[in-house]
Each structure stands twice: as C-alpha cells, then as structure tokens.
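This is the structure I have questions about; it appears just below.
Chain IDs A, B, C and D follow the sequence of writing; residue 1 opens each chain.
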C-alpha cells in the first residue's frame, strides 16, 4: 500500500506540503470524537485564541475551514466583495496567477498589475492606481505575500504605507500561504484585512485546514458583500461562535489536535526564533546556489524569499529532469518549475519543521543531481558555503544546554 | 492536551463522525509527500476507480474534494445548476433543511416539499409536481437519502421510477452522506446524477474528504451550469484528470492513504456484507427501543434507517439530558435531537466500522442512562431483545473458521 | 498484514495483554533515540521515581527490565537467593505452578504448599512451617498475589502478619503481575521485599517491560546471593543508576515514553479510583456469572479476584469451545482454562484501561456464546444484573461535570 | 512529555538504536491482541520462516526472545555450554569485553585473546590454540562479528576455515548484533552454531527483541548443557513450537507486526541490495574522514566496518565534546567513545534504514562540529569526497524508473 518505497527517509523539499513533526503525527493518530461534546468546543476556543498569534493579530477573527489554500482564497474574497467589485491583483507567478483566475471567475473586475516572473509586485503601479482612484472604485488590493513559484516575497508594509498615504479605504487581502509561521507577518500592524494560510505549509500539518483571519473591517464588509457563498460563509461560523459550539459543520478532529500540537511546538521554539531559523535556512540555500554558479530566479535582494528558492538552470538543462532525478535516484523531492518557468527553474522549499542538517542533505543531493544532468558543479561547493554560514550562525538548542 | 480523558474507550455512537478502524489510523500516520511525484497520481488513479464501487457506479466520475459534506452539497449543486433554476427538495429534518437553506442561498428557486419530521419525503407531492411540469421547469430533484436527524431513509428507487414515469429530464441529486457504504445504494441503476458522501461517515475516516460522483448527464450539465464556483468547480479536476496529475490543488496525503485502507477493509468484508451488518445492527437497536417501551421517531417501517435510530423520549424527559449523562457518566457519545426534535429525541448512530458487541455496550449504557433520568426501564430488557436477534443472525467471521 | 481482520473493534478480555489507551499508543509512535543523550536519563529518573508509586513504596528501588513477567520472576529470585536456598511457594494455579517450576529449575529447594485450584494459598500451612522453622532455613516466601488462571487473590497482609508473628527473617517475594495497578497493593506497609509486574497487564502497555521493585533488605540480600545471573543482575543497573546514565543495556525508547503516558493516565484518574474501578468491574462480572447460574472458580469470597474471573462451565460443555466461538463469531477474546482447569473454565479479564460499557459488551457476548454452545442462559440476565449494580455505583467522570 | 524537543528531525547516527522506517512505526501502532488466538501463531510461523533468511540459514532454528542483545548473548551461551566450559573469546573493544564479562560471570572458563582496540580478532592465536587443543577442551569459539565500539569487523569465514582445518568440534557462537541485515552474513555456509542480533540494530525496529538462531549442532548441545537457565531456555520455546502455539510467555504483539513490516521492507529492497547500500554508506563515510585528515580507529582495511565508523580525534580534542556539541547545537546524535577509547574516538553509525542524503547531512554536521571544537577542517571537504563517490555509485530506485 505504500507507493514506491525507497530506503531511508524521503527528503521532502517541495515548498509544501512539508515535513510533519513526529509529535504532530502522534497528536493526530486518534479516533474520531463527537464534535458536539463539550470537549471540542473547549479546545476550539483555545485554538482560535492561539491561532491569532501566528497572524500577529489581536483584533482579528480567525476561521479554521476544512479546505485548502484555494478555498481559503475563496473565503477571503467572497465574504468581503461583491460581483463586479474592482480588485487590484499582482501577477508575478503561478500562484498569483491562480488567485487572479479565481477572482475573475468569481466575477470581480480584476485590475491585473503584471511583473516579469522573478520580480515582486510593482508598487509604483499600485501607487499610481491608488492616486488616481479618488472615487474609491478599488475595493480590494489582493497580494500574495510570498509567490511560491518564483521565490519572491512582496513588501506588505509598503502596500499599507501606500494605502495610508492615499488614504484609500480598499480592503487589503493577503495570501500568506507560504509565508505565515515562517516569514515576518504582522496582520494588525500592517493593516491587513484578510490574511490566510493553509495547514500543510509552515504550520507543518497535513493538508485540509484553511486558516483565515479577518479584521474588524473585513467582518464589517462581510455583512454587505453580495458574493454568493454558503460553505465559505463566515456568517455561519460567527453564529456558532456566538452559541459556543463553534462548528457549523463537522471539523477534522485530528487536524484540531494536530493544530494544537503544531502551535505548541511553534510557541515552544518561539515565533521569532522560527522566523530566524527560516531566514538562516534560506540564506544558506542562496549561498549554495551562488557557489554552484547558478542564478536565483528572484531578481532583486529585497524580494528574496525565506521559504522557497527558485533556482534557474542553464538553458541546456531541463529543470524537470532535475526534479525527476531527485525522486528516482536520491529519494529527494524538489519543486518543479511551473508555467512560464517550467523547465527553467527548480525549487527548493525550506519551510516548516526543518533544520540545518536536513537542508544540507538536500543541498548535497542537488549537487549530485546537477552533475548527473551535465552541469559542471564542483561537488561539495554549495554545502561548504552553507556550512560556513551555518557554523557561524546556528544557535545552541536552548533546552539542551 | 487530551480534552477530558476518561478511563477506557470512548463509546462513539453519534451518527458521524464515526469510529476509525486501527488499520486506517495506521495508514494515515505518515509524513506529507510531494503530491506531484508519480506516486500520488498512481495511487489516485486506483482510488478513483475503486471509489466508484461504493456508489455502485461504472459510468460515474468521482471527485475527492478536500471539504466536508456541506461542501460536497455545494459541489453537486453549483456544477449542475444555474441561479434561478427550480429544484424540488424535501424538508423532513435538520439536514434536509440545511441543504434547502444552501440551495436557497445559492440562488435556486427551491420548491420545498415538507413532511412532518419522522416521515419520509412525500412522493405523492413529487409525482403531482412532475406531472404538472410538462414545461420541465424543474431542473433537479434533490433528496437526502438518509435524514440523519430523524433516522428516516427515503426511497430513491421510487423517485427514479416517478422521473421515468413522467419522462422528466430533471437531474436527480442525492445526499448519501449517512447512507453510502452502509445502506443499499445504486447510483447507476437508480439513475442518480450526483451522489455524494463525506469521509467521516460510513467510510469511517476522519472528516475532510467530500466524495462526489457525477453521472455523464451531470458532467454534461456542468458545461453550461452558470452557478459561480471555483474551489468546487469540477472543470479544474477534469483538466487535471486529463493531464494525469489529478489534483488541481493539494490533497491530504493522509486521507488518500486512509481512503485506500478504508476501501480495502470494505472490499475485504464485502460491500453486501457491510450493508447486511448495518441492517443487523439497526434491527437490534430498534428491538431494544421497543423493549424499553420507547418510540422510534421514524413513523413508518418503510422509512426506518439502518444507520441511525432517533429515539423519542417521554415528554417529562429532556433528551439532551440523556446525551449529557452519557458523556458525563458512561463515556458514551449519543446524538442530540436537533431543531424541531431538540429535547424530544436522542439518536444512536450505528454506522461505520462497528460490531455487535460494541452496540450492545451502548444499548446497556442507554438503559442505565434512562434509569438515571427517571424513565422506568427494565434494565437488561433492550440488550436481551438485541441479543436474541443477534444470536440468531450474526454470521461467523469467515476468515476465522 | 493484519491477521484475520473483522469489522469493528476486537473485544479484548483476556487477562493480559490488555487494551492500550490511545494516548499511550500515541506516546509510543516514535522513532528511536540515542539512549545515551541527556534526555533519556532525565526521563528515566522521573520514571523511576514515579513508578514506585504503583507499588506504594517509598523505600524500594525499581528496575525497568526489558523482559516479560517470567523474566521479572527470574530477576526477583536470582538476585536475592542462592542455589539450594529453601523457598516456600504456593501452588494454586497455572502461574504459581510456572513460578515454582522456575524456582526448581533455578536450583532452589522449593517447599511447595499446594491447594485445590480455586482456593487461595494455605496460610495455616505457612504458619506451621514458619513456626517450625526456628533455624530460619526458609529464605523466602514466594507468593503470586493474584493467580490469573483461577481468579484467586491471596492475602499478602496476612502473610506479612505471620512473618512478623514468628519474627521470621525470610524474604517476601511477590508476583504482582495481574494485581499491581489494579488491586490494593502496599509494598512498604506489607513488608514485601521484591514485588514485580509486567507492562502488558494493568499498566496497559505492550509486553516488554518487567517492572521489579526491591526493598532495602532485598538489595542487601543481592550482595551475597550466589545465583548465577548477568542479564537480570541488579548490580549492573545500580552501577548505572549511580553514574546517572541509568541503562546497562539498550532500553526500549518507545516503552519508556509509553510508561510515562501510562503513569500520567493512572495518576490523573487517581490510583485509588483505578482500584475502585477494577473492584466495580469485577463485582459486576460476578453478578452476571451468578445471574447466568454459573459458578465462579474461586471457592471463597475472600479470594475473589478483581482483575480476572474464571467461570466454571457445566460438565457437558468444553470451555475451549466458548473461547473459540468468541473469537470466530463475536470478535471477543476470552481467556482459556489452563492445565487442570482446561476445558472446565473460561476467563474474563477485567483489568487495565477498561470501562463499564466495554465490559457490558463483553458480558452480552458471553451470553450469546453460552446459548450458542447449548447452555440455557436467559439472554440479558447477566447484563441486567451488572447494569443494576453499575447504575447505582458508577461515579460521574469528574473532569466532565 | 517530549524531552528536549528541537526543530526538525533528530539526526540519529549512533550505531543503534537506529532509525525506524515510518511503515514499521505504522505497523506497530496497534492495540494488544490475545497471543493465544489462532492469528498470532499463524503470523509467528511465517516470521520464524522468514527470519531465517536474514541469517542466511535454512537449517537453523530461530528464537524471538523478549530481551536485548545482552539477553541474546546469555541465551546463546547458557543453552549450549556448562559451567566451567572453556571458551575462546576475543577482546577487541567494549562489546567484546562485555560479552567476555558475561561469559566469566556465567561461570565459563574464558580464554581471552586480546588485541589492541582498533584491530580485529587475532586469528593466529586462535589457530595455535586450536592446534594445541587436541583434547578438545575448547567448547566454544565466541566472536563478535562487528565490534561496535571500534568499527572493526572480524572474519567469520576465516574462523570456520581454522576450525575445519583443525577438525575442531568447538561450537562457533557469533554476536551479529551490529552486523546481521547489514553485513554479509552466512550462518550455514560459515558453520555458525549460534548467531544473534537485536531488533534495534540493522533491522530498524525498537529495542526489545533478541533474535537468536541455533544450528542443529547447537540444539543438540542444548540438550546436555548444564548452565542454569529458565527465561532463556530454548527448551520452553521448542515445546511451544511443537504445540503450534509458539510462545512460552507473552510476546510483544507490536514487535511481531513490526518485525513483519521490517522483513517485508528488507525483502522488497533485497538483502543483497541492503548489504550493498551499507557498504556504500560506509565507504563514503571513510572517504569523508580521510578528507578531514582524521584517522579511522580501525587499523587495517580488512577489518573496516560497514555499519559503524570510529573516528580518532587529535589529542587536543575531547571526542565527548564532539558528541555533546552534535546534540546541543545540530540535533545530531553521534556515538561516544567507550572505555579505552573514551575521549579519543567518536562514532558514526551508518546502519539500518538509512540513505545517502541522510548520511550527507550528518557528515556536514560533523564538519561544523569539528570546526566548533577547534579542529581545522576544510568545510565541505568530507561531503565533497562522499558525494564524488556516491554520484558514481548510487543506483536508481528500481520501483521509480
């Protein structure tokens, strides 16, 4: 029943779903429970309180929705907007593309700001659009915080600054799927109206829970938003929150306990330490890429992603072959290049419950693959660069000293 | 981290989520995997083939959607209907009510056929509506196969007969949430156009997978249906089916392996044997209820449900107190009475991976609770009636003789 | 890979190995660890401190030995006695027989005090032997606290009283395999010198850990005991205790975490509540047996066991057929009659992590089996008797009210 | 309850206990079962048949004993020898020392052949002792196949050759604890009379099962061996084998299912491929050590171990500090130097369910640690050497191409 076993651990370096810690797997290995007993609401109450911390929000209202990131997107949009509403959305890679596609199919009037793949959202265009929009036709600015396809992180604080500068009332909707719990994310400080993530990303859970946090302004908007919605309607959640039973329909008991365990791990490590760890893993990855003589798909330092690195391969190499080889020879799972960058980049996901030696194993694997496919890499070069950085920066494990 | 432990096993007799077999728990206790590797599509292919068997369909197209039953409803409706479309829907209990509410909120013109709670769908009214509708304004007949709130099973074959009799082209959409894998269900034979269930019901998995099966006619309808949908859009699935990668967005790896294990168990036991076991458990429950001198909420034998029994309590007893007592004293989880029957009925779920001795423990528990709350039950009476039936009917476990 | 699956839970009512709580299974589902890291000794230290509580000992020294109950016996004997030493041992059933056999094979001079199977140890004979033994040739009194084969509990306090009365210095070695964590057990108060149990009994863990606790007097004796021993030698443990590394050879990491979880559960429920629960389950079982018109193998009330009930069947029935039938038809595992009582008794184990409704399911199952094999039981009679008792005595689950 | 968590996976490179594959963890996550039901004997039968394959024996009789390697030693010795019997045993490291200690404490007349730690057994001395022993006073030659403390593998075939050359009837008892399932091992071909291993070594299970295989000659010897034994007595096993119930005392149900899963994995990969993988991992490790400019504790190529590498550190470094640092900073578990080589060597275990990228992560970690403790290693050098070797030698994963 296990499809295509291979000796030893699978080295999972796609940018999601990511490695699940053993303690989380344990927490989830349990029978179903009656979600209408007093136990599940009691647990849910603490989860909702605690989950706000990963958004750095105190005023937000979180929703734990049995869905994926795609569903979380839909929840964010349909609860706050009405058909025909104008949104500004930034097309910088496959996931922003998919969100734009969703916005269009849901009937919004999407004002697409396109950038070359590898570049971040064009904030100058945003600025000029906001400046022009004195009639406030723009109802929402939609931004993918971290474009997983190209390893590009957008500057959310700068967006907020622009909105404030132009005193623009547009909602600020943010896809934090590959950023929340890994990158610096400050929902309240940055005036984000809806932020969302998926359980299988930096939270290091199985897929199946879309986590959405709505600001008071977003909740207010939901009262008048005319988009048709039922499964994703916040109203039903809010009704059950009020009743104290919390669930309009059956949640996954296992994911609730898993979320509890995942949050416990995050808080035990400390969210700031978690973010620092992601930054460290990413920096090392980039040093390795540099040592290999390869280019990062991300075109400017300010956009570098700390959760995923998209590596550009020379034109004579098919990046899909690199991914295939990882799987077939090294039990290493790398991310494919998608759409416009298919064949041109492969991706190393370095997010979630991961440590330095795991990453170094991956980097060593990539070196061998590069050699396999005919790229003249100096074996050990990337690992050496990463080690030199790590050896200076890895902190002691506090509980062990 | 375990909320309100108690010694021994929890006796889970709500009509979902239900008990998960240990082998399924085992199959799901695993790290995430890259769902874009060749392994997951290979597995998905066999799952899609095998999952059709639980619908008794060969011509249907199944979708494994990361959602709940509520989402599965939405998938069935939005892919086949357009806003303003007339549906016929039968209000016979809380879950049919919720589906009707969804239909209305999704913008359909719902023609509600109401019956007293405890009765099945009124097929005479359906017949007259079909007879009148020579213009074919009815686009879909929506029916909950088994109303979990009242323990009422509707006659799907009779609906098909009527549709055929009147040569009516309406789609036939069926909620099989608390029936599929437990009650006799024949998608192809009964001309069902969309059938759906949820993983946490008779399949005995955790919540999180909505399983929807669409007939060729339903697929055809989806090409022109104008309901706004993205997350639930079959089109995206079909596109990825064609490409052989199967997943438009990230599935739960764990639920896929869990589904594999659950189907293996079902097929090992034999679907017909599974259905016979449910029938046996239900019959025994009803004999116990009778022995206690209590009434079944279901008003006619033809509607008796083989997955859940709603027991009517005397007017001087609050059925919620029975459920509370089960939880607080006997580690027994029973189903509450919902909405119109709140306080008046409690429910015994007897579906999923369950055997006779488990049920007998539950029945004994109910007897003690009844006594606790002041109902003059003769202790042992229900168990005796159930045992008398079981002792004559339980088959030998084939693999053990 | 699962041998002979059957629908629903297996009803495990052999007197060991017993049901493992889900939280303990979870705690054990983990990778190996380096047992020489600081983590395992830190954990072991707390385990050794806490495990003394299940013996009700503060002065004892516990050993967690990777072995079974048979190995724990050997540990108790070889560390405290020398070849040729005279022991007094009571032959009252299969397990006392096996221990005597071990004592003989280990070279001790075993003074066997035999009783009819179904009766407890003959303390009058013990008294006279102690009285006669002014030369103190008796080096140890060996007693099985609870004879699992016949459901007989011996009176340990009375033995201590006799030893004190005769001022006899013999060591008092006690097999608490099917008693500790279930029956009242007071190592210090009753002056027990070595007490032992196995992980798979009332502790509700997998097999694999023999837990032995030695009094200061026993430790003293171990310094001069001449029995050949290496694997079971306490000396090696004591050496590693002193060093703070605790383990002379590799422990099972999983069982250590499992023991931690099992102790946590026991302490959360409260040891006295655990013992009261066992007493309640046992009493109900006996009431059922009586209602069936069958005899308890235990001949006097003072010896009744609260962890296992051996039920005598009529001469025209083979008790092995009852056990076989339970397995083949009801997914119910009962204990066979052993040796002298083979074919004559079957056994219901009611120890470990178990609650009342689980037991009632078992009792209902036994009734159907009895009918199957031709015994004219009134179905429901035993369950009714048990329920009548339970309904008056089961306490509320404290954390849930 | 998890002692000293740290982010990401623990990198477990002690030479046992080793990493457990997820599929084996899954197989073991299960409730207890009645080991007297027909299921467990049926399973045991196939296990006993299959386990012989890991010894490469068809004529041997295996015993699955609930104990550790130390207990397996005791089982091998006490069943075949009598007190006072002369054994030849080779003192070449800590584990051979411990076995010799056991032999002495069990009362044998141990003829110790000592070598410098880092060297293999002195077969010339053995030859001369065999030559001299025309009276056949030597009853057994005891050899640790792979000395885990120094990374030295002895030549078992050569021992057999000597025994044959001198036509010496001594039993040949072999500790295969850190060799079986990892190194070339041929019980029948090499005329080994008792071979043994522990579950937590190359079998990649939890600790708790000592696996012993006895040749017909060893079984014959057991009939007259006078060593006192009960728990370890083969006789009891053989009696239960004959009865078809297999277990003289309670086995760990979980380890039985775990063993089934572990053997399935081994056979799926192919034992020869498993051995080749170990050889590959070991060779790469040695290349790294060389690249670091450090010495292997093993003094001659013929003795190099393919399961563990003991690395000699410069005199100005305390190897214990290396191990501590791995644990405290890199979540890397390395093996300490033991006894004579304490402080002088650290050990890298590369056995069990392990692959190349896992090892490369470890090697990178060791490089950083070496730098941490002041050794002037060139970062990346060892990894580069290992990669160069791996990239030429790692086979494709057959099931994935």
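Definition applied: a contact is a pair of C-beta atoms (placed from the backbone, for glycine too) under 8 Å apart; a residue touches a chain by one contact, two chains touch by 3 or more.
Here is each chain with its UniProt name: A, B, C, D = alanine--glyoxylate transaminase.
This one's a predicted model, so the numbers in the text were calculated from it and none came from an experiment.
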item	value
Longest centre-to-centre distance from chain A, chain (CA-based)	C
Residue-number overlap at the chain A/chain D interface, same or different (half cut)	same
Mean-CA-position distance for chain D and chain B (Å)	53
Averaged-CA centre spacing for the pair chain D and chain A, given as whole angstrom	44
Distance between chain centroids, defined by C-alpha means - chain C, chain D (Å)	34
Residues of chain D engaged with two or more neighbouring chains	4, 19, 25, 27, 29-31, 38, 327, 400
Sites on chain B touched by chain A in the complex	1, 3-4, 10, 12, 14, 16-20, 25, 27-40, 42-43, 66-71, 73-74, 83, 101-102, 105-107, 198, 200, 206-208, 227-233, 248-255, 257, 260-261, 264, 327, 333, 336
Of chain A, residues touching chain D in the complex	2, 4-9, 11, 19, 21, 23, 29, 265, 268-269, 274, 277, 327-332, 353-362, 364-365, 367-368, 371-372, 378-381, 383-388, 390-391, 394-397, 399-401
List of chain A residues in touch with chain C within their complex	22, 25-27, 29-31, 38, 400
